[in-house]
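Quick one: the structure is below, questions incoming.
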Amino acid sequence: MDNLIWIFISALLVNNFVLAYFLGLCPFLGVSGRLETSFRLGLATTFVLVITAICSWFLNTYILPHAPYLRLISFIVVIASTVQFIEMAIKKLSPALFKALGIFLPLITTNCAILGLAIFATNKGYGFTEGLVFALGAGAGFTLAMVLMAGIREEAELSDIPALIQGTAMNLIIAGILSMAFMGFAGLFSSG
Amino acid sequence: MAREQSSYESFIKGLWRENPVFVQVLGMCPMLAVTNTALNSLVMGLATLFVLMGSSFLVASLKHLIPKQVRISLYIIIIATFVTIADYTILALLPAVHKELGAFIPLIVANCMILGRQEAFASRHGVRMAVVDAAGMSAGFMFALLALGGVRELLGNGSLFGVDLFGPGFEPWVIMILPPGGFITLGLLLLLFNWIAARKRAFLAEVAATEREML
Amino acid sequence: MSQHEPHLLLQPAPMLRQGMNTPRAMLDVWLALLPATLAGIWFFGLGALLVLLASMAGALATEWAFTPASRRRAAIGDNSALLTGLLLGLTLPPGLPLWMAFLGAAVAIGIGKVIWGGLGHNLFNPALVGRAFLLGTFPIAMTTWAPSGGPFWEIPPSLLALPFQSPAYDALSSATPLGLMKFEQQGTALPELLLGNTGGCIGETSGALLLLGGLFLLLRRDFDWRIPAGIFLAAATFSALLSLTGDGYPGPLFTLLSGGMLLGALFMATDPVTSPLTPRGAWIFGLGTGFLVVLIRVFGGFPEGMMYAILLMNAATPLIDRYTQPRVFGRGGGRDRGEQTS
Amino acid sequence: MSLFNLFGGGFSHGVHPAGHKEQTVDRPIQRVPFMDRYVMPLGQHIGAPARPLVSAGEQVRRGQMIAEAGAFVSTCLHSPVTGRVRGIASERYPDGSFRPAIVIDADPYSTQQVEPRPAIDWAALPMEAFIEQIQRAGIVGLGGAAFPAHVKYAIPEGQRITRLLVNGAECEPYLTNDHRLMIERPDALLRGIEILLTKLGAERATIGVESNKPDAIEVLKQRIEPGQPVEVVSLPVKYPQGAEKMLIKAVYDQEVPAGQLPRDIGVVVNNVGTLVAIADWFDRGMPLIERVVTVSGPGAAYPANLIVPLGTPVREVLRFCGGLKEETREVIMGGPMMGSPVASLDVPLLKDSSGILAFTEAETARPPAHPCIRCGRCLEACPYFLNPSRFARLARARRFDQMKEIQLMDCVECGACTFACPSNIPIVQLIRSAKESIRHKKVEAA
Amino acid sequence: MSIGNGVKEPGSARLALSLAFAGFISGLAIIAIYEATLPTITANKAEELRQAVFRVLPGVTRIRKFESTPEGLKENPEARGEEVVYGGYDPQGALVGYAINSAGPGFQDTIRVLYGYAPAERRVLGMWILESRETPGLGDKIYKDAEFVANFEDLAIEPQIVAVKKGTRSAPNEIDAITGATISSKAVARIINEGHQRWKGRLPAPDGQPGIEEAEQ
C-alpha cells in the first residue's frame, strides 16, 4: 500500500510527467490556452493512460517475453487500436461523454506521454495494480500541470509580456518556474 | 510551391528559417529530456537524423504504393521500425549513453516532427528532395539540440562533451541539468532566436528602404 | 467683472483619492522589514549586510538593464525592484558568495518580473523565483549556514568567492533549527527562535521582530490579513494534529516560529501581485500555503518548504481568483444566473 | 430593521472619503438674484428630450411651461424667469457638447413672482392624473441622476409599493444642499412624503440620513407628528450610501436583485429635494424651476448654499458668491465623486446640478498611474462586490465581452474603486468607456 | 489504426494487404537488427553485471545466478525479476556472499541498489547504485562519492543500517550521511535494510550454502 501511494504521489508531483519528464509537452505548450479545454484534455489523457497501462501490462505479460524486439511496434499498434475501439464505443454509448472528452482521443494517441507511460511502466517492472496507479498518478499530474498552466496563461494574456517573448518562449519559462516550484515535492513520502 | 527549391535552399531552410524547434516548435519532448549534456544531444540528434532520413527516403520512394487511407499507419510502422533499429544499435554500441537516454529513444516515434515531415513533404516530393529536406530538418533539430545541450552542460557541469573547460574551481549550476533548467534555457534560446530574427527583419527593412531612396 | 478665469482642467471624477499610493506601500514594507533586517546584520555580521547589498544591486541593475528606457524612471522609482532585492537577500544564507546573491537577484527580476511585463504583471513572487533558482542551482552553498554571533567585522571567506567559482568554507558552519529538527530530531528553545540567535537565512531568524513588522503592516492595512492568518491557522492545525500522533513531529509553536514561516507568511505570501484578489481566495491561498509548508517540511525532502509552498500557491492563484469571485450585489445564486441585465 | 442597526447598519464595502462639509453646512440657503439670460437645454433629464412649446420672440412668464415631455420617459420644462424667448439655439452643455436649448432674456422690470394658483386636490386625483401632474411639474430625481420622477410612480399591475424610502444620505463630500433643505424646509418635505405615501398606498416612509447630519435628524424627528407613519434613521457615514440600492440595503437590509428596480421589492426611493418639489407643486403650483445648489470646494471664494433658477450660467452663480480663487484649476458640477468637470463656466445650471465645486492643484494633481499591484482595495471599495481590478485589466486588453461576463453592466460608476486605488488607475473611466463600446457594438449589431 | 471506413476505391483487402506487407517487412527488419545486436547487448549486460557484483563482493572470481523458489535457492541462469540473487565465489570455490538487488524511492525517483551480503557474518560487503536520478552534485554522491560508498564495505546490517550525521559514525551498523544529501543517504540505507528484511530468511547460512559442485561455466 505504501508503495502504491508513493507511486501515485511520485507520478503526480515529484516526477510529474510534464514538469520533470517532459512528456506530453505538445498539448502542454499548445492546448493549454484555455482552462476548460485543458481540464477536459487532462481527463481524456488520464483515461487513455489507464487504457495504456492495461494494454502494456497485457503485452508485457503475455507477448513480449517471447518477442522483446516487438516492444515498440506492439505498444503503438495495440494502444492506438484499443483507443480507437473505445472511441467508437463511447461515441455509440454516450454521445455526451464523447462530445466532452472523445474529440480529444485521436489527438492523444500520438502523444508521447502515452508511449512514455508504457515504456516507463515496463522499465520499472510494474505489475498490474502498480501500473494502473502509475497511470492514474501520471494522468492526474498531467491534468494538474495543464490546469495550472492554463490558469496562468489566461492571466498572462492580460499582462504586458514583451512581444519578443510572447508565445512558446514565455510558455517554456512559465513551465520552468512551475517545474522549479514542483521541485519542492522532491523526496515527498520517500523518507517515511 | 512557387518554384522548385534548390537542394541547398531546402537544406538551409530546415537549419534556420523553418527550424523545427525554434520556429515550428516541434519535438519538444526529446528536445528537453535528453539535452542535459552535449553528448546525449549529439546521440539523440544522430538517432533522429537516421530515423528521419530513413523514413523520408522510404516514404518518398514508396509514395505511389501507399494507399491514402492507411498512410498514417504505414508511416508510423516505418518510423517505429527505424526507431527500433536505432534503439538496438545504440544499446549495442553505446550502452552508457543508452542508459542515460533510456526511454527517450523509443519516444522518437512520438516526435511529431518526423511524422509531420512524412505527411507534409516526403509523401509529395521526389526521393532526392525528400532526403535533402530530411537532412535539413534533422540538421536543424540537431543544431537546436546541441545549442541547448551545450549551454546546459557548460553551465551545469562546466564541461562540453565531457571535457572540463573551467577548471576544478568552477561551481556548477546544477539546475541547468535538471528539468527547470531545460525549460528556462530553451525559453531563453527561443527568445534569443526571436530577437535575432527581429533584428534581421529590421535590417532587411532598412536595406529595402535605403534602396528605395536611392532609386 | 474681476472674476478669475482659470484655464479649466477636465480631470474626471472622482476628484478625491485615498491617501495611499503604490510606492508608499512598498516603502511601508521596507520599514516593516527594517527591524528584522538590522537584527540579521547584527547576528551575522558585516557579511550579511554585504549579501543584502549584492542582492539589491543585482535587482536594481537588472531592472535598469531590461526595462525599456521609457518606463525606466517609473520602474526604478516605485521601489519594487529594491524591495525584491531586499526580500531575496533576507532569504539567503549569511555566508553565500556575493556573486550568487547578485545572480539570484538578476534571475528574480529578469525571469520573475521583467519578462512578464514588469511590476504588477508577474504571477510568481520574484524574490522567491530568484531563491528557488539559487537553491536548485547551488544546493550546497544555499544550505551551508554561517554561524551567528561571531565578530561583527569578520566576513566568512565563502562570501568573497570569485564569480563562477566554488566558495571555500571554513569548518565552522551551523545548522538551522529546521535542519536540526528534520535530520537530527533536535528541537530549539522558543526564546532563541523569537530572538533569532540561531542559524538560518539572514532575515528569517528573528521571530519577534518579524511579528513586529507584520503588525505594522497590519495596522497600515498594507496586506490582506487573511493570508498570514490562513497560513498560521493551517500550519498550526496540521502540525498540532501530527504532533498528537506522538511520532516526534514538531508542535505548532515550533512550526510557526522556525525557518522562513514568519518571513514568508508576513512578507512574501502577502505580496498582493501574486496572491488572490478576492477575500475568499486569500483564505484559500493562506490555508493552502500553510498546509503545503508542513507537508513539505514533515514528509518531503527539504527541511523548509515555505518558498515552494508559496510558489505553488502562486501558480494556483489565477484559478483561485477565478473560482472565488465574490457574489455580486443583487445576484443571489452567483454567476449562473448570469445575463439578465441589458 | 432596528435589529440590523445594532450591527452598525449600512451596506458592505464602500469608502470613507473626508466629508469637507464644514465649509457650507452652516450656511443657510440664499436666493441668488435674477440674471440677464437663462439657457434651458431640452435634454437635461434622462430619456427623450422635451419638445419646445415656445418660439423666438415669445413672452414667457416665470413658471410657464416652455417645453413638453417628448415621451413617457421624459419631462416638461418651465421658464425659470419672466422674459422673452430669444430663440432655440445650440448651446454649450456642461459636458462640453452643444445641445439645443431655449434661451430666455429676463425681463429686467418683472417682479419675477410666480402667479399664485390654488392648491391641487391631489387626494382626489386618479393615479394616472397624479402621475401626469408630476410630469407636468417637470420634476426629476434631484439627487443627481435627473431621472423623471413620475416614471417611478407608474407601478405595473400586480406590484404593490409598501415602503417609501427618502434619501437624505447625501454621501457625496462637500455637498450640503439636501442637508440644508432638511433643516430649513422639513414641513415641505413631510408634506411631500404625505402626498406620496397616500398616492402610492405605501404603509410607511423612512428617511435615511447619514449620522453626520445630527441637526437634520433632530429637526425632522421633532416635526414628525405622533402617529405619522414616518421615521428617521441615522446611518453610518459611508460612500455611496446615496445610491438607491445601497440605501435600501442599509435601511432595510434587502438586496434589490440585479437588473431589477426597487419597486420590484415594493420600495420607491426619492431624494429629499424631489419630495420638496412635489410638495411645492401641489401646494403652491410651483413647477421645478429652481433648485438648491452647494457652491464649495477649496477654490470657491465664499462657499454657500444657494437657491438658483435653472438655466442660470454657472459663471453668474459663482460670481454671486465671490468668484473663484486664483488657485482654482477645475470646476465640477455635481459631487466630487460622480460629478463631471465643466470645460467652460458659460454653461447653465441644470436640474441635476447639486453642486458647483471648485478644486485646486491639491485635488487635481494626479501622480502618474502605477501598474496595478492587485492590492484589492478596489474590491473592498466596490459596494456591488464587483472586481474593478479585473475590469481595468480586461479593459486594457479590450476584452469587453469578458468584462460583461463578470457583470460589467451592474457597475453604477460610483467611483469608489478609483478613489481607493493606490496606483491611481482611472478604473471608473475605463469601465465607462468599456460600457460605451459595448453599447456601441450593440447598436451597430442591431 | 484507422481501418478504412468502407469499400471505396482501393478496396479494404488491398489496404489490409499493404498493412500486412509493411508489418512483415518491418518485422523482418527488426528481427534482423535484434539478432545482429543481441550478442553484443547480452555481453554488455553480463559485463555490466559482473562489474557491479565484483564491486560489491570483493575477492570474487565467479558468479552464479540463483532464483528463490519455495524449496529454496535454485540456480537458474535464465531467471528474471525480483526473486534473483547472485552468489559470488572466491577462487577456492567458497561462497563469499550474495549480491542482492533492492530498490526503493529516493529523493527524486526510484533508486536501484546492488549490495553484497555475507550471510555468515551478517554484514554488508559493498554497495553499488545501479540506477538513480538523484540531484546532480548532491544526491548523486551516493555513487560518485567514494567515501560514502566505502561506508558499506564491511558494515553490520543488524539490527539495521543507520545513517548518521557525517563524522559522528560510532557503531558498526552506522554510516556517515552525505552532508546536504541526508535524504538520499538515508534512502540507500533504507533500501538495503528492506532488501535484507526480504532476503534474510531465504539465504542459506554458511553450512547450507549452495554447493559449487554442479556449477558449470
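Here the chain labels run A, B, C, D and E in written order, and each chain numbers its own residues starting at 1.
What we mean here is this: contacts are C-beta pairs under 8 Å (C-beta built on N, C-alpha and C of every residue); 3 or more make two chains touch, one makes a residue touch a chain.
Which protein is which chain? UniProt says A = Ion-translocating oxidoreductase complex subunit A; B = Ion-translocating oxidoreductase complex subunit E; C = Ion-translocating oxidoreductase complex subunit D; D = Ion-translocating oxidoreductase complex subunit C; E = Ion-translocating oxidoreductase complex subunit G.
Just so we're clear, the structure is a prediction, and the values are computed from it rather than from any experiment.
Looking at the partners of subunit D and subunit E together, the chains they share are A, C. Shared contact partners of subunit B and subunit E comprise A, C. Here the chain at the heart of the shown protein, by mean C-alpha position, is C.
Two chain pairs, C-D and B-C, are compared here, and C-D has more C-beta pairs in contact (counted per touch definition above). Of all chains, D has its CA centroid at the greatest distance from the CA centroid of subunit A.
In whole angstrom, the spacing between the mean C-alpha positions of subunit C and subunit E is 45.
The centroid of the Cα atoms in subunit A and the matching centroid in subunit D are 60 Å apart.
Between subunit A and subunit B the centroid-to-centroid distance comes to 23 Å (mean Cα coordinates, whole Å). A separation of 29 Å divides the Cα centre of subunit A from that of subunit E.
Touching of two or more other chains is recorded for residues 1-2, 26, 30, 33-34, 107, 135, 137-138, 183 of subunit E. Each of residues 20, 69, 73, 77, 80, 165, 170, 173, 176-177, 180, 183, 186-187, 189-191 in subunit A touches at least two other chains. The set of subunit D residues touching two or more other chains is empty. Touching chain pairs in this entry, ordered by label, are A-B, A-C, A-D, A-E, B-C, B-E, C-D, C-E. Subunit A meets subunit E in the complex at residues 6, 10, 14-15, 20, 68-70, 73, 77, 80-81, 84, 124-125, 186-187, 189-191. Contact residues of subunit C toward subunit B in the complex are 111, 133, 136-139, 141, 161-162, 164-167. Of all the residues in subunit A, the ones that touch subunit C in their complex are 35, 147-148, 151-152, 154-156, 159-162, 165, 170, 173, 176-178, 180-192. For subunit C in complex with subunit D, the touching residues are 2-6, 8-18, 20-25, 74, 78, 118-121, 224, 272-273, 275, 277-279, 282, 325-332, 337, 339-342.
Residues 65-70, 72-74, 76-78, 80-81, 84-85, 88-89, 91-93, 95, 156-157, 172, 174, 177-178 of subunit B touch subunit E in their complex.
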